[in-house]
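As written, the chain order gives the labels A, B, C, D and E, with residue 1 at the start of each chain.
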Amino acid sequence: MNALYLICGLGFLSLLAEIANLKKALGAVIIVGLCLVTVLIVMDWNTGQHYYNDMVVFDNFSIVFIALIVVISIFWFWMSSDYFRGQSHQTDRSALILFAIAGAVLMISFNNMAMLFLGIEILSISLYALAGSKKESLFSNEASFKYFLMGSFATGFLLMGIALVYGATGSFHVTKIAEYLSSYPSELPIFFYAGVVLMLVGMAFKISAVPFHFWAPDVYEGAPVTITAFMSTVVKIAAIAAFYRVFSFCFSSAQETWITILQVITVLTLVVPNITAVYQGRVKRMLAYSSVGHVGYILLAFISNSTNAPGTIFYYLTAYAIASITAFTVLHEVENTDHSGFNGLYQRSPMLAVVMTISLLSLAGIPPLAGFFAKYVVFAQAVNHGYTGLVMLGVVTSLIGVYYYFKVIIDMFLKEPAGAAIQLSSSIRTLMGLLALLLLLLGLFPDWLISLLA
Amino acid sequence: MVGIEFLIVLVPVLPLLGFLIISLNNKRLSHGVVSFIACGAVLVSFIISVLLFTQLLSQPEDQRFFQVVVMDWISTGDLSINFSFLVDPLSSIMLLIITGVGFLIHVYSIGYMHDDAGFNKFFSYLNLFVFFMLMLVMGSNYLVMFVGWEGVGLCSYLLIGFWFKNQAYNDAANKAFIMNRIGDLGLLLGVILIFMNCGSLNYEEVFAKATSLDTSTITFITILLFVGAMGKSAQIPLYTWLPDAMAGPTPVSALIHAATMVTAGVYMVARNNLLYSLSPISLNLILVIGLATALFAATIALTQNDIKKVLAYSTVSQLGLMFVALGVGAFSSGIFHMATHAFFKALLFLGAGSVIHALQGEQDIRKMGGLKKYLPITYITFFIGVLAISGIPPFAGFFSKDEILAHAFSVNPLVWGVALLASLLTVFYMFRLFFLTFYGSVRAGENVMHHIHESPKSMAVPLILLAVMSVVGGFMNVPEVLWGSAWLNEFLSPVFAQSQTVLVAHELSHSTEYMLMGTVIALTLVVIGIGYSMYVAKDSVPSAEGERIGMLHKLSYHKYFVDEIYDTIVVKPLYWLSGKFDLIIERLAIDRLVNSVGESVVAWSGLFRWFQNGTIGFYIFIMVMGVVAMLLALTIN
Amino acid sequence: MIPIDYYIWLSAVLFTIGVLGVLYRRNAIIIFMCIELMLNAVNLLMVAFSNYLNDPAGQVFVFFIMAVAAAEVAVGLAILMMMYRNTRTTDINVLNRLKW
Amino acid sequence: MIIFLLVWPLLASVALLAFNFKKAKELALAVSVIELVVSLLMAFQFVKTAEVQFSVNEPWIASLGINFSVGVDGISLLLVLLTTVLVPFIILSSFNRSEIRTSNFYGLILMMEMALVGVFVARDGFLFYLFWEVALIPIWFICLLWGGEGRGKITLKFFIYTLAGSLFMLIGLVYLYFQTPGSHTFDITALYTAGRSLPVFEQSLIFWALFVAFAIKMPIFPFHTWQPDTYTVAPVQGTMLLSAIMLKMGIYGVIRWLIPVVPLGVHEWGNFVIIISVIGIIYASCIAIVQNDFKRLVAYSSIAHVGLISAGLLTLSKIGMQGAIIQMLSHGIVVFALFFIIEIIFERTKTRSLSELGGIRNMAPVLSSVFIVVMLGSVALPLTSGFVGEFMLINSLVQYQFLIGAIAGLTIILGAIYMLRTFQKAMSGEPNKTTIGFVDLSTHEKLVLFPMVILIIGIGVYPSPLLAISEAAVDSILVVMSDFSASVK
Amino acid sequence: MALNLFYFLSFVAVFSALLVVFSKNPVYSVLYLIITFFAIAGHYVLLNAQFLAVVHVIVYAGAIMVLFLYVIMLLNLNAETEPHKSTFLKFAAAICSGLLLIVLIGSLKGSEMIVNQSVQGSEIGLVKNLGKVLFTDFLLPFEIASVLLLAAMVGAVMLGKSEKS
């Protein structure tokens, strides 16, 4: 809980910084603050407290996911320091990011639909603004506009769902709803299930599952690289955690209504983005599609065993998030995000090329990197619960994935360089080294991460 | 007996050492040293072979064999094969022939090859050949024999293609190796089957078990083995490589393609006499093939104009005769003829060699003639060889051939008839060759005749020695009817003892034998007369290329077009098939299939991306449709 | 006393009209309004349920929805202004540079 | 000891990749030689029994039942030796092209060595899979960075093709893993028991899941199309690694991870696979006959040889398995030498097309003599290493089914045809303008080739020690099989 | 009586909602939307959510719609500037939403299964009760809403402020 306070506090602080003009120190302060947040959140380990008569609950599930997003945000701030430096609205941006993080924390730890709703909205509204933060660029405008329009449209469905569920069960409270479902399974009105489905729509939009994913590639491509990085890591983690909480903690006993629908969605989410990505000439957009595709694997993990998948999903998200923050760091340094921008990157900057290669290999799921173990645990779990067919599909799609990831690698090493050599600041070097190392270590010693939530 | 064992091992090892020393110091050694080493090695092993021979004689009848296990080779589970050597009457005879004739030919080569760039290489190959040949005959199990079997094939490949600048020679070499390989596959399969059925590859163990096997198996095995013999001993249908093999230097033709290697098949069948005698079918097969080959090759030889080609076909024909002997169960006669043949055929080849040598490599008998006064030694020795092969008593050929004919007659007069016909043809073409070469007018060009000269000593001496052998060689096995002791049959009898018990022995009365001999000699003389009248009296010369000639003559002149037939029914189809595999199945079918998977994915991707068309209206439309679908799914169930 | 079904149906109808508007129009502002309409349909349903279940939570939730609606409109209109500054139009289909 | 074999090259490769050494090639050579020495020490301490030796077994990922469990029995030992013997020569073979071989190149080779050794010593299903995949990365980069025309497309195809196979193998392993009792484990013995307890149908499924991976890696007949292109496009050292060692991973996989795991599946499908392999022998040999590119020709010839190996292997007879093992070693050595000869010719004449070559024998007698020996090894002439293997393999096939054996035996004829043709076209005849200036072997080339010649003849003359090493292990595998085939009949 | 009122209000709401969608001029749409809101407020009163009704009118009609109008005026969109979608798309939109309506109605059955606990003239709609709930149970959301509004404000300012370059 203190973590939440501290994050919001940092947000206010960065707003004040505009007035007190502490802009110089702000970045450092935020990073230090976030480190402190991590400490605070980890201190709550195994306490599982409920706050404000059960509005939020900080059980281990929340704690690991919050810790994850906070750590990722630290990397994010580290990587995107120059997204703020020297810009106008520097403080506004950092404040919005911090509020977004606060919203993410709520989405992870909510125990009441109101909190879920507010969390989602805080996150979304900040992001609508941030996606458009490159005001002069039409792409940025379009991204934020699309994101806003479709986002609020989806919110409508989510709310309708919440309303119907409320009508059927007479409560917004996750645990109460769950109890009600398990105690009176027979006397639920049909419109309750409609509510569940509508909530599924709303959440599926947030995690960008097919067929509610159309916004993702466009928005990811249009938004500034750093914001895309934030969306494809922190936001995605939060959304999936929320999704998991809603459907595993709350509606798990009503599974038969939504499981089949979710299976269809999973298949679509595995197939469509992975195949679409094959054609991509723009690395940024390709990563967008791949991040949609990864949702498919997470959903596979979820449907194969909805009651205790968190360990798997958590590990997968960690691997995915670290890999993609790495990729986006490189993207951020390369600036030109077309394929041509990556041609001959190895000659322009070996470090960038190698780090990018590692992250792409991890995303493609090549051992011994983290991404491989992530896919492995997912597939293993699915096989164990008799979803062999879906696993086969997953294998095929990940092969397709290999194809489009490796095209980038080949271009980086074989093509003629597309520009002058790239100079890297030492802080970025250390960051990239750290991330690459993390990818490797997580791959070699995945044990404790997986068993955290087992 | 340690001494003996050591000596036995020494026999093959010496030529091997010779090969190693020469080939590893190819550049450094002078011709003199090389020829000394090479000939020395073979000479010493010849001397040792003689020692072993005497040792063998000193043994009582039933213990006339020494066996040495050098080391184990392939051994795993129930498969255990050693490098082990066996010296018994059969192999000791072979030893003597190989090392003896081999030595003479080595000496001959010193003169013949003296100004060749590849002198050292040549001798290293010769030594290697002798080594493998000795492995072949001394091995006490099938696999060691197979080692020698393929090894000699290799050496023949290397020596046929010795002048590797000439691609035609290389083609001949490849042809020889591959055709031998076909035979070898048969042999290998036979050996494996033997191992399957007898659980071992050692001769005595196999022969011990052999009687207990059922006939069909043995027939199958023996036929497979005989396929090997076909390849190696140039029998129909695998004989075409041997005439081409004349591309090699003449000493090679003498040593490998007349005296020793090509007789390996005969040796192998004789070695497995028990198995063959247990299977009448394969004996008959051998008989038929042998007869056919003898006749067929003889007819071809009639019209050939290349001196070495004629000898080559006569070799094929003589080998056929040996197989006839084996086919009728007269194994020792086969070996006997092999021995005599080794002498006179080597002699003939070396004689031809010295002619060629004298005429700067001219091989066409139409461009020879009247050489009698220029090359007296060659003339004499060659004459002796011709007499020997024609079976004029008392030359070596007479006894061996007569014995075979006698056995043939005892089995079936028809066989006798055919064999006789073949041998008469032999007489004819040999004399044709002889007359055309040494008699009549000189047809060689001026510049050639200008520096024609008799061969040097190193070449003359072997000729003389071989001539002597061709004269006296026959006396090692004079049959009883001619008041002889048939010593060789006696000596070899332990080897063939078992099979003789199996086979029914045909006895001929002495009178018939005299009658047969009489007819044979008479006919031979007649044929010689015809030849004389044609080529000496009329001094007629075979028509040059392109002239019209009779149908049969043409057939025989073009070797019945067998090469062309093989080319069209085997070689071309194989290449055609391979090409089709490569172009159609590989590229268009399998690879296409694999690639099309990837391409289809790309195509789908091209399709899917149109859904991502950037208009919000469309996206929302799809979303709502999704919602509708989901609610519909809900309401339905 | 009005049965709850009536309210469910009414809000369903309003909600659908909102969706229809979003699908039907191209003017961004109208689309915003239609989204507001959707939210109001939800509000109506919430209030109806809270009254039906005699539970204030529903009405409290409506407060939050209102707050969110206000916030969204604020941001949304800001985005619209920004977009208009660059493109001089509020037609949603003009912006489709990001595709494929 | 095994740990050293794994860690030492890894450390070296990391160092080479991280810093750009001036004397990278000498360094790499030294490292690999030390590796060789250690592995030889191991070979000397090895006791010729069936049980696994030098084994290390540490828990690694407890929650997933994955252990870091390694050890060698006879079969593994021989293959480890093959690897550690060949790698130094592969490195040495690159010395004359060192101007384009950077520090990274040698780093990748050493990483490859680590992975290969790992594959051969792994005693844990997951570990095996891990090394199996890790081996793919360095070789892919070697082919990508130093390859020839069109490497991008071809290497990508190679990577995805092989990865596809191995992913299905992974699924198969995972399925087995969940058959293991209690808290599941990937330990090899547990997997054996689990696999053997399955009914025939499931065993067949797993058989295919695993076999496809191995078949692609080997590669045998219908799964081979990645191989000729990759061999042709790869730098010669990459080709050597691929053909001489990596190819053996597949065969080793069949011996260690297929036959003992799903005996019934093998029993069910072995015959089918044998037939496919035999078809592959003829097919590949025929294609080799008409190849003009030297490298492609050798590529197809190695498909043919591998077909024979896998066919003989699946006869599940002792002779067959032993023959397969010997033939693996022989083929590794022969094909390495062949590719190096190709490289030498290519480097001198800048062409690999046989039609342009010819007459090299005039200028380079030493090279041609070496070539003859290697060629004889490849056509399995007695007293060369090739003969021992092929004799045993054909022997096993004939005992399995005479006709199949006879057809497989055709390989000795077809092999002779294409190898002799190659020799004639490349070496014999009159020299032409491309080959006229040909210089004979340099010292370091002799340093690479002469040991190979000695090995070819040495193994051919005295293979017994090698056979003795693997004998016990093979027995222990066959015992299982005989039980099962008994139970089936 | 209440029922008639309900019918009347529903009719107004739906009718003006449709007009919102179909009227050419954005300004009219705004005005129709305001009418819809009033109708909905009426419904709130019927459902004795008096306080909520008041807030509703103030927030929506008073704030949000004014904001809309302001923007429309600012961007000067009052003319029929909107280019029209092709009739096909309109048709598709109509069909689509029609389907949605059908499935919604179809799936919104079964309200009879929940017991009606509503009491005549209940007082939950009054400020006192709502306030109690809001500041006890829903304190945290209430606080968080402030963060939400702050974020929205910051975002709006950031985007709305034109760059002075």
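The rule is simple: a residue touches a chain if its C-beta (ideal position, glycine included) is under 8 Å from a C-beta of that chain, and two chains touch if they have at least 3 such contacts.
None of these values were measured; they are calculated from a predicted model.
Enquirer: What chains touch chain A and also chain D?
Expert: Per touch definition, common to chain A and chain D: B.
Enquirer: Based on the averaged CA atom positions, which chain is farthest from chain B?
Expert: Farthest from chain B by mean C-alpha position: E.
Enquirer: I'd like the most central chain, judged by C-alpha centroids against the all-protein C-alpha centroid.
Expert: Of all chains shown, the one whose C-alpha centre lies nearest the global C-alpha mean is D.
Enquirer: Taking each chain's centre as the mean of its Cα atoms, which chain lies farthest from chain D?
Expert: Comparing chain centres, E lies farthest from chain D.
Enquirer: If you tally contacting C-beta pairs, which comes out ahead, A-C or B-C? Let me know.
Expert: Spelling it out, more C-beta pairs touch across A-C than across the other pair.
Enquirer: Please report how many Å separate the Cα centroid of chain C from that of chain D, as a whole number.
Expert: Each chain's C-alpha centroid was found; their separation is 66 Å.
Enquirer: Can you compute the centre-to-centre distance for chain C and chain E, using the mean CA position of each chain? Integer Å is fine.
Expert: That pair's centroid distance is 6 Å.
Enquirer: Chain A to chain E: how many Å between their CA centres?
Expert: 31
Enquirer: Let me have the rounded angstrom distance from the C-alpha centre of chain B over to the C-alpha centre of chain E, please.
Expert: That pair's centroid distance is 105 Å.
Enquirer: On chain D, where are the residues touching two or more other chains?
Expert: 160
Enquirer: Listing for chain E: what residues touch at least two other chains?
Expert: In chain E, 85, 92-93, 96-97, 100, 104, 107-108, 111, 114, 137-138, 141, 145, 148, 151-152, 155-157, 159 touch at least two other chains.
Enquirer: So which stretches of chain A touch two or more other chains?
Expert: Chain A, residues with two or more chain partners: 114, 118, 121, 125, 128-129, 132, 135-136, 144, 146, 149, 153, 164, 167, 170, 190-191, 193-194, 197, 217-218, 279, 403.
Enquirer: Each pair of chains that touch: what are they?
Expert: Chain pairs that touch: A-B, A-C, A-D, A-E, B-C, B-D, B-E, C-E.
Enquirer: Per the contact definition, I'd like the list of chain A residues that touch chain C in the complex.
Expert: 113-114, 117-118, 121, 125, 128-129, 132, 135-136, 138-139, 141-146, 148-149, 152-153, 155-156, 159-160, 162-164, 166-167, 170-172, 191, 217-219, 221-222, 279
Enquirer: Taking the complex as given, what residues does chain B use to touch chain D?
Expert: 23, 26, 71-79, 143, 146-147, 150-151, 154, 157, 161, 164-165, 167, 170-171, 174, 177-178, 181-182, 184-185, 188-189, 192-193, 195-196, 574-575, 577-579, 581-582, 585-586, 590-591, 594-595, 598
Enquirer: List the residues on chain A that touch chain E in their complex, please.
Expert: Listed in rising order, the residues of chain A that touch chain E are 8, 11, 15, 51-53, 55-56, 88-89, 92-93, 95-96, 99-100, 102-103, 106, 112, 114-115, 118-119, 121-122, 125-126, 128-130, 132-133, 135-136, 144, 164, 167-168, 170, 187-194, 197.
Enquirer: Please name which positions on chain E make contact with chain B in the complex.
Expert: Answer in residue numbers: 85, 89, 92-93, 96-97, 99-100, 103-104, 106-107.
Enquirer: Note which residues of chain B are touching chain E in the complex, please.
Expert: Result: residues 617, 621, 624-625, 627-628, 631-632, 634-635 of chain B touch chain E.
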